[in-house]
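Each of the two complexes below includes chain A, the first together with chain B, the second together with chain C.
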Partner chain A sequence: MIQERKTSKEISGMGHSMKRKEDGRFIQGKGHYVDDIKLDGMLYMDIVRSPYAYAKIKSIKIEKAMATPGVVAVVTGRDLEKYNLHWMPTLMSDTQMVLPTDTVMYQAQEVAAVIATSRYAAADGVEAVEVEYEVMKPLMDPYKALAPGAPLLRPDKKDKKDNHIWHWEAGDRKKTDKLFETAEVKVKEEIYLPRIHVASIETCGCVASYDKVNNYLTMYMTTQAPHAIRTVIALVAGHVGLTEEKIRVISPDIGGGFGGKVPVYPGYVIAIAVSFLVGKPVKWIEDRSENLQADSFARDYHITAEMAGTKAGKIQGIRFKVLADHGYTDAAANPSKYPLGLFSICTGSYDYDTAFIESDAVYTNKPPGGVAYRCSFRVTEAVHAIERITDKFAATIGKDPAAFRMQNFIKKEQFPWKSPTGWTYDSGDYAPALQKAMDVIGYDKMRKEQVEKRKKGEIMGIGICSFTEIVGAGPSKDFDILGIKMFDSAEIRVHPTGKALARFGTKSQGQGHETTYAQIIAEELGIPAENIQVEEGDTDTAPYGLGTYASRSTPTAGAAAAMASRKLRDKARKIAAYLLEVSEADLEWVPGKFFVKGAPEKSKTIQELVFAAYTNHPPGMEAGFEATHYYDPPNLTFPFGSYICVVDIDKETCEIKVRRFVAIDDCGNIINPMIVQGQVHGGLTQGIAPAMYEELIYDDEGNILNGTLMDYLVPTAVESPSWETGHTCTPSPHHPIGAKGVGESPTVGAPPAIANAIIDALSPYGITHMDIPITPYKVWKALKEKGVVKAI
Partner chain B sequence: MKTTIEKEFQIPEPMAKVWEYLSDPTKIVACVPGASITEKIDDRNYRGNVTSSFGPVKASYNGEITITELDANLHKMTLIGKGVDSKGKGSADMTMNGILSEVSRATAVKFTMEISITGMLAQFGARLIKDVSDQLLNQFVANFKDRLAGKEVDNTMSGTSMVGSVLKSTIGGIFGGHKN
Partner chain C sequence: MEKEITVTLNGDPKTVTVEPRLLLVHLIRENLNATGTHIGCDTSNCGACTVLLDGKSVKSCTILAIQANGKKITTVEGLATAAGLHPLQEGFKENHALHCGFCTPGMMMRAVELLEKNPNPTEEEIRRGISGNLCRCTGYNNIVKAIQYAGAKLRGEKLPSTEPVFV
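Our next item is the complex of A and B:
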């Protein structure tokens, strides 16, 4: 289970905790973000937003705004309509307004854009735009929106007679229903995963720069998927002459993406339209509240989770039903075939063969989206549901949740394991991960302490989550976005002196690609990682790829890096055979050089071989030392882990304190242990966020009640406990370097561990479920209902 | 978002005099902090505006005031105000009930104010609206008493002073201090 390092520290291939190459500029404040871009003659855009969740636009008066000093233009939906740019397609083949012509559908929706010579003038212009609305009663509750006779929110869709968007199923309904008719034990829970926001430090923004003379658009923007965006722009604007070869998308440094920088927001499109019309660069940068209120949300799934099994504790099947609130349009970022994302991984880490999932999506007067916030297309929702219902089942039959999990885990020898919803788990060894977490935290001791504390009336809980993720989308037979298959790419150019430039179709937002990709190439080619320059994010130079999200970079582009390196190593072998005058079969590779079998003194280093590729290449061989690989993964990767959390709850204040949190992750072979640890720390902190703090709250009128960071509680170092991390290592059998994704595991695994701990703590008082975020107020209310605490 | 506030107090004046003030919108509105009547449409309908600061957001509402109930026998009046912020930040609706009853050598006044706010103010000011409204009503009551006592009333509003007094009352609340 321990990963062996094959390269020296000088080469720093896989398994070395090499310091991040990108941090030099970040810690010196020299990162280059979109708002750092300043171009000659650049104009600034600010957006007029709707104060109402649902209203007809009666008039938009722009005279006063146009008279504001510095304002050069005000753009409305009617202006865009002339170019047929007032609507755009979403990634889920729905339609979304760029600017409305008649109706606003959610509070903070874009209504008009003001273009000015400075950011301040643009903001003044926004204040001066006069919009007259006729306010209508919004539909905020997805169940009410689905009820018969509910007002139709999308009359623009001619075939729509209600607010229902789609229905999707996985698994076997008949077999599952039959199981639930006969099973000894059945448990059920209504679980709501509320709307939350990725709240990345950097908001979204762009500089659209259209060169009229050359008919060429350069789009600097905060995007996790630059190539996909270039194609989308071409699809939206091709009819006005902006075809794909005339578009260059550059994604500079990004201050956090987490899925929120995958979608195309109206602001981007308006900036492009204005730059196209006026022939000047236009900068648009969201402010914090715009980001929180109008950008794509995450979660908002209403889940009915059921589990069936035996009294002896054998899980036999699950039945889940999901209602997905998508706001006024389905602008989720899922692979085309999977409107519910990869939620059907919700069968979890357990061995049974019966499952049925059904889901419906609905329109409401909320902002659109449904991005996977640091998770692979709805895996967070799936894991929360299965891990909560697993705990409830264990509690119902009176079994310890750890023993219950151990009893039901899929065993190592059962892999590759075919799940009842159709996935093939590549590899796993679940019991040792849970055992390791139990050993680290001292599980039995903790349970004894809990018994003692309960005798004294103190509230302490222990919660477990043993998750299985599904990451690395994905195999082209199943995965595409707008028809583009979800492969990814690497292009490696090694210069004559043996130093390399490597480019990728992905885009780091803080994941450390400049370091980890270099380490993969170092592992395969023996060129020191330090000498490999990694570039991403410029569509004019990087090979085509679908970008970075859903923990897909290592499984796809990382694999492409290994495969391209291997092509180069094959070429190096040919050159070595030529230079050493032996046959290729007589050569052996150690990281960094080829030597003749049995005569290790006869060798050529990779640097010598690369130099020869430019100065003395074998006759008949192409000169140069470059390779490109487009990697289409044969399967997804299935990282897993077991997390255990211990909480103490103050009986007076109901404050919840996470005393211990142990996270044992298994992401296969590790490229850089330090970066993985950093990812796990950050992800766990983003895991306590929805578990204890974050929720976007709307009132019945459609007002968002916490649209600022004063009210939307993002945890900081103050709220974070001291994370205890560890690993087991079960390599992916199909991935070239045996790696799996890891960046999202902690965000996925932490919330159910915390929720299970809190509910375990409160179980002596008859509390069996609470929806996250579990706040002191919720705990106080629940305990008050049970008569445990009194009203103050 | 909605909030309801109630205030009860006594004024050492005869009920007839108090009713004279309560039933006259021009006199009542002159006691509402930041409010003024700009136009009388008829006896029951007026146009006016209210300017108020809620935390970081200053809102100026232009709208209509309608007296929906004016019962001289029961000494009860209901006033509905609807306003839209002039800078497009949203709208506010208010229903205010006032009812008088006689107590020994004084008049008991009971005010109920139901405020519903939509738009930016509801987002930014959610934490403050209840307290700000409470302060507004306190100020209104003080102005109302002063006017009845024949004193000059300045009902212009300063945002900072309001936030200051709200903070004082909120923090006072947190630390168990007495609210005014």
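Our next item is the complex of A and C:
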């Protein structure tokens, strides 16, 4: 369907490509990021990190560091232990060291913190701290860590007899096993999605500023979820007197998040502890290398994917098994009920009723984490597995992957659709999106070209991904983090002159909330978006909310903006009835004003009605024009899309060139097409990144081999293709404005489209699978094995 | 061991005493309080700290402050004039070429020199020309458009449409 614009450009409600309100400060160097904060008397913190992946700490000598000019303190785990602050809880109710007292569990783990009067002096101090280690053999392979007799990595956990963390299942095991016994066609693939890192261009950091006189902590920090963080700080530090009303978390401008700024890192806690003890502000800004080596990773899932179906091409079921390598603690950022995140969306866009997923998580000597990397709680892993195995099934029975998908799509009339793992897809219309992508790229022509190229021995591939996302966590009956339900909030205050201030429980990290939230309110109230000031990220002023990640802002806080606006519109209607001396039922609304039915000249603008709320409000009515709404979504939203990628591979160098990439997204009704398209572009580049370039690599001794941006390959403008984008529109039936999240769909959908294109290209040589990132070297090795290219 | 240096920052002469090891980016951000220039890595790969040094784009994390002695530094704060925004600033805003804004100042400062050397670059030349600057949010499509827009404006030509083609 086509989305209609209901408001004028002056109002700029939904569907207008309004230029971003926040850009003025960013293009003039007036953005305000955490490292831009400078407070009187501020000290600087730097961190001593472990060179070993697994070692006992025999001694930490701080004398030379303390003698270094400018150094004022060195903090170790033993110091924090006195205040019971050496361990902290993770978001998944595991425990994580703030600073170790006995053992380090991964390379680059925090060992001690140096506090000094300048950044440089702190770094000098770090060099001068002497730590003696007794090195142990680390467990880097999750399968070996699970094997009987493997050394126990977490003896601190009294009930743990092995390195197994949890087991989790979804779907119907019996029914699925039965299907796999009898199915005509079964395909299987071992898929590894390696560790990667979000690598937002701004690293993490904070300024912890404790005011001893007033017992009040102001914490400026790079967080995507300021309210939740304040609650966590209160839970961790309440016993030393820092209770929640004495803590203010301010998340200033954030230089990219992608999930990496959801967790609480030890550096934040140490900075708070030091500021609390010395009564001065403490700044901690991590280096890029620290960020890549120690902050939360993403992925690291080993997946066995199986699909069963008929020779005629009907998918009948899937069976997936996952081993999740969590590092030394489960510090994943998932809703409490879902240790595997929303991976169980892995049944995908296809119509069948049988599925079973089982998963286990394991401790190893790697850094903790398990964040999204621009996706909704492990959906990328799920979509990669289903879309790779779907292609393999199509190839096995000799069907074109587009025709095979068309044959198996859940049909429009089947929505709301109950998935075999228990989700209710709110809406979808998959075939038109794939058809549109095929039309834009010229699918049939591309296939013909491929036939011609293959005759000449050239290597060209076409890959498809038709994904279903699950975003907007989430309904309070199922979704919480540490017990806090995953609603979100909006508070709108309209001033007497009709201009508004709106505050939210979320926090933009580049998504453009200052513009899009204003547009939602403009749509509902008719106040020009230009006149609506949006604020987020200050726990003292914004209403409580769970923050921005997992594409949840529009589905939750965006909905709250619409609902709060509607409360205000109801009030405006009452005032209009009073002023126009008619009954409320006689009034009709067009964006920006109420008028009397049949007498359009009798009207009151929203600005007039707001002014009356302060100057001439009806007897018995509360004065003012403010509303708050806490929105608890009835369901998640299910954006989808179809992507097609065309690659050419050089037979000599095995260089892979993405010649074209067409992305058709459906995120329901669109608030700002320019911003949606921009989100899609960015997500696609973060899709090609793990598909072809990024992987955190460790050796057997636990050394990270590419812990800097010199060799962890974030795509530049050269690697990133010129993306071709478009959309279809299937509104969410339960969301107040029919919208769905979109910022992460492309990161989810792009990697399997690229992988499928490369495998399609190599299929004439008998190659049926490769794990991402698929590099020229991997292609060259595979083609050498098949005798296609010769060893140099 | 500290040394007195004089630099011109966005037209203003500044005399400061610095440690010889002080990086230019820290001089700009910490000593001179111009925080529009950002730091995104420790290996000179990301380009967030790009500024103009005597008109040439440099990564200010890779140069010592004392090497800038007697030189002119231009940062993002110095791009706009009394007449208004620089064409690149306008191009970035009009074409939605920034999301989080962290790489933006460095990206624009790099593009200033790119357009000076090559006033009418092809898409390929722009992509190669900014390949020392990383952006994690935008996917680069709109950064390319923004630089093309600024190029057209600087050449005095008709400006390309900024409407997104999102069919």
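Definition applied: the second predicted complex is superposed on the first by the 792 of 792 C-alpha atoms of A that agree within 3 Å, B and C clash if a C-alpha of one lies under 4 Å from a C-alpha of the other, contacts with A are read in each partner's own complex, and residues count from 1 in each chain.
By definition in this document, a contact is a pair of C-beta atoms (placed from the backbone, for glycine too) under 8 Å apart; a residue touches a chain by one contact, two chains touch by 3 or more.
Small disclaimer: the values here were computed from a predicted structure and weren't measured.
A.B. asks: After superposing on the shared chain, does chain C or chain B touch more chain A residues?
C.D. replies: More residues of chain A are touched by C.
A.B. asks: Determine, under the contact definition given at the top, whether A:Thr708 touches first (chain B), second (chain C), both, or neither.
C.D. replies: Both: A:Thr708 reaches chain B and chain C.
A.B. asks: Using the touch definition from the top, say if A:Ser289 reaches chain B (first), chain C (second), both or neither.
C.D. replies: Touch status of A:Ser289: both partners.
A.B. asks: Quick one: classify A:Pro475 as touching chain B (first), chain C (second), both or neither.
C.D. replies: Neither partner.
A.B. asks: A:Gly442 contacts which: chain B (first), chain C (second), both, neither?
C.D. replies: After superposing on A, A:Gly442 lies clear of both chain B and chain C.
A.B. asks: Of the partners chain B and chain C, which touch A:Pro51 in the superposed model: first, second, both, neither?
C.D. replies: Touch partner of A:Pro51: chain B, not chain C.
A.B. asks: Give one of first, second, both or neither to describe whether A:Tyr33 is in contact with chain B, with chain C, with both, or with none.
C.D. replies: It touches chain C, and chain B stays clear.
A.B. asks: Show which residues of chain A both chain B and chain C reach, each in its own complex.
C.D. replies: 289, 708, 710
A.B. asks: Taking the touch rule as given, give the residues of chain C at its contact with chain A in the complex, in rising order.
C.D. replies: Residues of chain C touching chain A: 19, 21-22, 26, 29-30, 33-43, 45-46, 48, 75-77, 79-80, 85, 89, 92-94, 96, 98-105, 108, 123, 126-128, 130-144, 163-167.
A.B. asks: So in the complex, which bits of chain A are touching chain C?
C.D. replies: Answer in residue numbers: 17, 19-20, 22-31, 33, 35-36, 38, 119-120, 198-203, 253-256, 258, 287-289, 509-512, 673-686, 708-710, 714, 716-718, 720, 722-723, 725-727.
A.B. asks: Note which residues of chain A are touching chain B in the complex, please.
C.D. replies: Within the complex, chain A touches chain B at residues 48, 51-52, 107, 127, 129-131, 135, 289, 293, 699, 701-708, 710-711.
A.B. asks: Of all residues in chain B, which touch chain A in the complex?
C.D. replies: Result: residues 1-2, 85, 87-91, 116-120, 122-124, 126-127 of chain B touch chain A.
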